[in-house]
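Here come two complexes built around chain A, the first alongside chain B, the second alongside chain C.
Showing the complex of A and B:
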């Protein structure tokens, strides 16, 4: 498999007062063609900001991408694109669906208009063709009476239906990469199961690569091929999905798995991770997880751990697995 | 276990008004004929999807919303008959923790003010004693006593939820109704708060009515679980019985829809078709029949009653 998207040393800074504060610190990962990559992490870990950076949707006046950062899509660098060129990529090559389908659809425009908008922004086609393609797409995502829904407004649909419409819009032009930012967080479990099934099915059928951003490890286990775990703006672990759940390496990943109540296991107490995520302006020196880590060594507080490869495309950023460190330690 | 509180045929209907004259044209049946008993020291979990009436049920039990019909019996008194003034002494024993830790704390008040307010309202103890009590409780919920002089915005979500819990504990309540207390929190913080709730239950012998949409969280904290669908109780059973062998088709579908964080376990998924029907116009007969895979002719006509199928295991379904 070849890498479709490569994120290299991506650093994102946000303005606070007059300073620029780094929220995402030099992360790298890649998405292969037709693969479903999960990015998990708690709120504030930088997972959504990363996806916005890939889409080129970060607010210019408030934020800045690091000088050495690069995002390569099919070999072309996205960070150097002009606004007009970026617009040609967005929606056609890379598409995105958001968490809340109510706020991401325009409430005063019909579903049909919003579907049409996507097609007409990129292609010169007749109104009739536009309409038939839209209806076809709506049917594909499992919307009953698609023809009527073209003339309806978002408020007339339920949450699950709205998310289906969002998916339909995002996929009309058959993008190569779909970024789904918490697509099921606002939905009930039974509806979540429907939507996840739909995304998985479409991904298999059209070989679209998907980046699924979520805080729910259960969702990741269910649908993803590979997982990137983020903590406080850093990638702490990266592994194929089975490896990650069977043999997690980083203390944070272990902690996260231990703090989740599950339907299968019976546990009397949850292994909560003490403390809370540090604020971006108060990032600790060295490993950002060290203050909450039960296995922290003195070294962890001073130097940032490198990404250590453990083979099998499993990598983690922790001093515990650094060979040289082990020798001295 | 002794019975602490009984809910009998509780109903809450909201009128729907339309037209120029604003005549009542129908009712949204948020809670429709729900009965259950809370035993001392247990945690009863209530699960269901959004709009199933679980929050309304929690609030009607506390009389924060007056029920349309039905009884809430506590201490041999029917709470829904009491006036606001008569209700006041009972509020001391029945407390609530709210979902959103950002909206449930007054942002203009100091923590000390927020936490001691219940004591002031009920005119209990002197100022000094209140302070002492506050410090004791703050420590119990894992907050530094120096935090008392700060304002809510200075705290993270998890800490705010602890403040909300501290406030609920100030009056030594017997029953705490926790309405989605952890759904706004991250997983690692959620685990901290769940552990805290368990510790407090042991220490103060609290009874919980725990309302949540997350089946795994409810399983973790509850001793008994009730599943609600469209304002009605679909199934009510001890935790282990319910999670091992769910009887109601809706409970089965709900369980199978929950993603499990273990990619090695492949389960048969039951994927429900369609959405939850509108509570304003619920389907005839069994409210679930439109999405049920085991639907029979009788399901469309007759509403199933909650029956005891196995010991302590109640189901409202014609299959049993």
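Showing the complex of A and C:
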């Protein structure tokens, strides 16, 4: 498998009182063609910011990408693209759906308009064809009365329907990569499963690569092939999904798994990890997870652990495993 | 949409009733006996009584109102005491001039106000934003008549580019001649409204730019022009429209001053003369006309709301 998207040493800084504060620190990961990659981590770990960086949508005046950072898409460096060229990539090659379908669609434009403008931004086609393709797409994502809905406004649809519309818009031009940032978080539980199934189905059918961002490992277990676990702006573990659930390495991943509600353990997060994600301006020295880690050693508070491969496409950044590597060679 | 407009129209009935009652009461709220005031201090008892009967002022109030409103609906707005003419055609003719002046001002104020507001919001905190908002502050603070005089001195007297008074040059009635006469008074009148529209546009656009659907629009690879002028502006426009609607009222009031400064033959000059001459039917006519126009403009704005925001007609 060849990598479709390669994120290399991505560092994202935000301006805070004239200072640039590093929010995401030199992370690397790749997405293969047709693959479904999950990115998990608690709220505030930098998942959304990372996806916006890939889309080239970080606020220009407020933020900055590290000098050694690079994002390669099909071998082309996105970070070096001009505004006009980046615009041609967005929507056509990489598209995105967002967490809240209530606020992500424009309230004063019809669904039809919001569907058609996506096509017209990238292709020269007749109005008629635009309309036909949009309706087709709406039907494909399971929207009944697709023709009528073209003339309706977002507020006339339910949350689930809106998210279907968002998915339809994002997939209209058959992008090679879809980034879904918490696409089900704002929806009812029953609708969540439907939307996940839809994304999975479309991904299989059209061989689109998907980055599914979530704070919910349950979602990952259901649909992803591979998982990247992020903590406080760092990748702490990366593994195929089965491997991660069977043999998690990083104490943070174990913590996340432990706090998952299961049939036996549905007592609202009895085993939740104590403490909370540090703010970018208050990043601890050494391993960023150390202050919350039950297995932290003195060493952890002073030096940052590197991401170390453990074989089987499994990697983690934790001193516990680094030692093991040294021991067994 | 049709039912929304119908509902708005019905809503106007009490408003218009209130307006007519108010206009009707002007005659009766003014201190003293109207007939006495009209005829002046040297009038005899007999002539006052005669005028009272002639004006129907000896009838009970509600009868007077019904007669008056009946006449108003039939187009009989009374006769101007001073000008010895029918009020309605007189007011209508003069109103055309005021309408042209106000319309020109609101167009200038909207175009420059909205344009400046959009650029300021898009380039928030840049020097461009700051200098534009500084100019807006000046535009807001300048008194209308002072700005009018300044324009007259600079562009009329010193540079001699444009005429400074009246609506047409002597012996002419061409369209472009009128436009040349219109420019300075329209600018003088538009400054304050333009400043307020610019500020409202800026704050409304700044708010909209932070919304999720703007990020969605950009994620589709739309041109910035479409993101700003379609996705953002269409959402930001409702509060701007409200401000424009409110400004039309102020502009009609401000027109009185500007018309005096530039000798623009509009309703403002007519009204001032009417008040000074205690020409009640004329003053009533002017107020009724302006108030009705104002109500009609507000109806138009309400309809525009529904066009710009589809959620409104469902509420």
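The rule is simple: the second predicted complex is superposed on the first by the 316 of 329 C-alpha atoms of A that agree within 3 Å, B and C clash if a C-alpha of one lies under 4 Å from a C-alpha of the other, contacts with A are read in each partner's own complex, and residues count from 1 in each chain.
Definition applied: contacts are C-beta pairs under 8 Å (C-beta built on N, C-alpha and C of every residue); 3 or more make two chains touch, one makes a residue touch a chain.
What you see is a predicted model, and the numbers here were worked out from it, not measured in a lab.
Of the two partner chains placed by the overlay, only chain C lies in contact with A:55; chain B stays clear of it. For chain A, the partner with contacts to more residues, out of chain B and chain C, is B.
When the two structures are aligned on the shared chain, A:255 is found in touch with chain B, with no touch to chain C.
Using the contact criterion defined above for the overlaid structures, shared-chain residue A:92 touches chain C, although it does not reach chain B. In the superposition on chain A, A:169 makes contact with chain C only, not with chain B.
Using the contact criterion defined above for the overlaid structures, shared-chain residue A:121 touches chain C, although it does not reach chain B. Contacts of A:107 after superposition on the shared chain: chain C is touched, whereas chain B is not.
In the overlay built on the shared chain, the residue A:215 is in contact with chain B alone; chain C does not reach it.
Across the complex, chain B meets chain A through its residues 49-50, 156, 158-159, 186-192, 194-195, 198, 213, 215-217, 219-220, 243, 253-265, 269, 271-272, 275-276.
Of all the residues in chain C, the ones that touch chain A in their complex are 211-213, 215-223, 226, 230-231, 234-235, 308-311, 314. Taken in their complex, chain A has these residues touching chain B: 42-43, 158, 160-161, 188-194, 196-197, 215-222, 241-242, 245-246, 255-264, 267, 269-274, 276-277.
On chain A, the positions that touch chain C within their shared complex are 52, 55, 57, 87-92, 95-96, 98, 100, 103-110, 117-118, 121-122, 153, 155, 166, 169.
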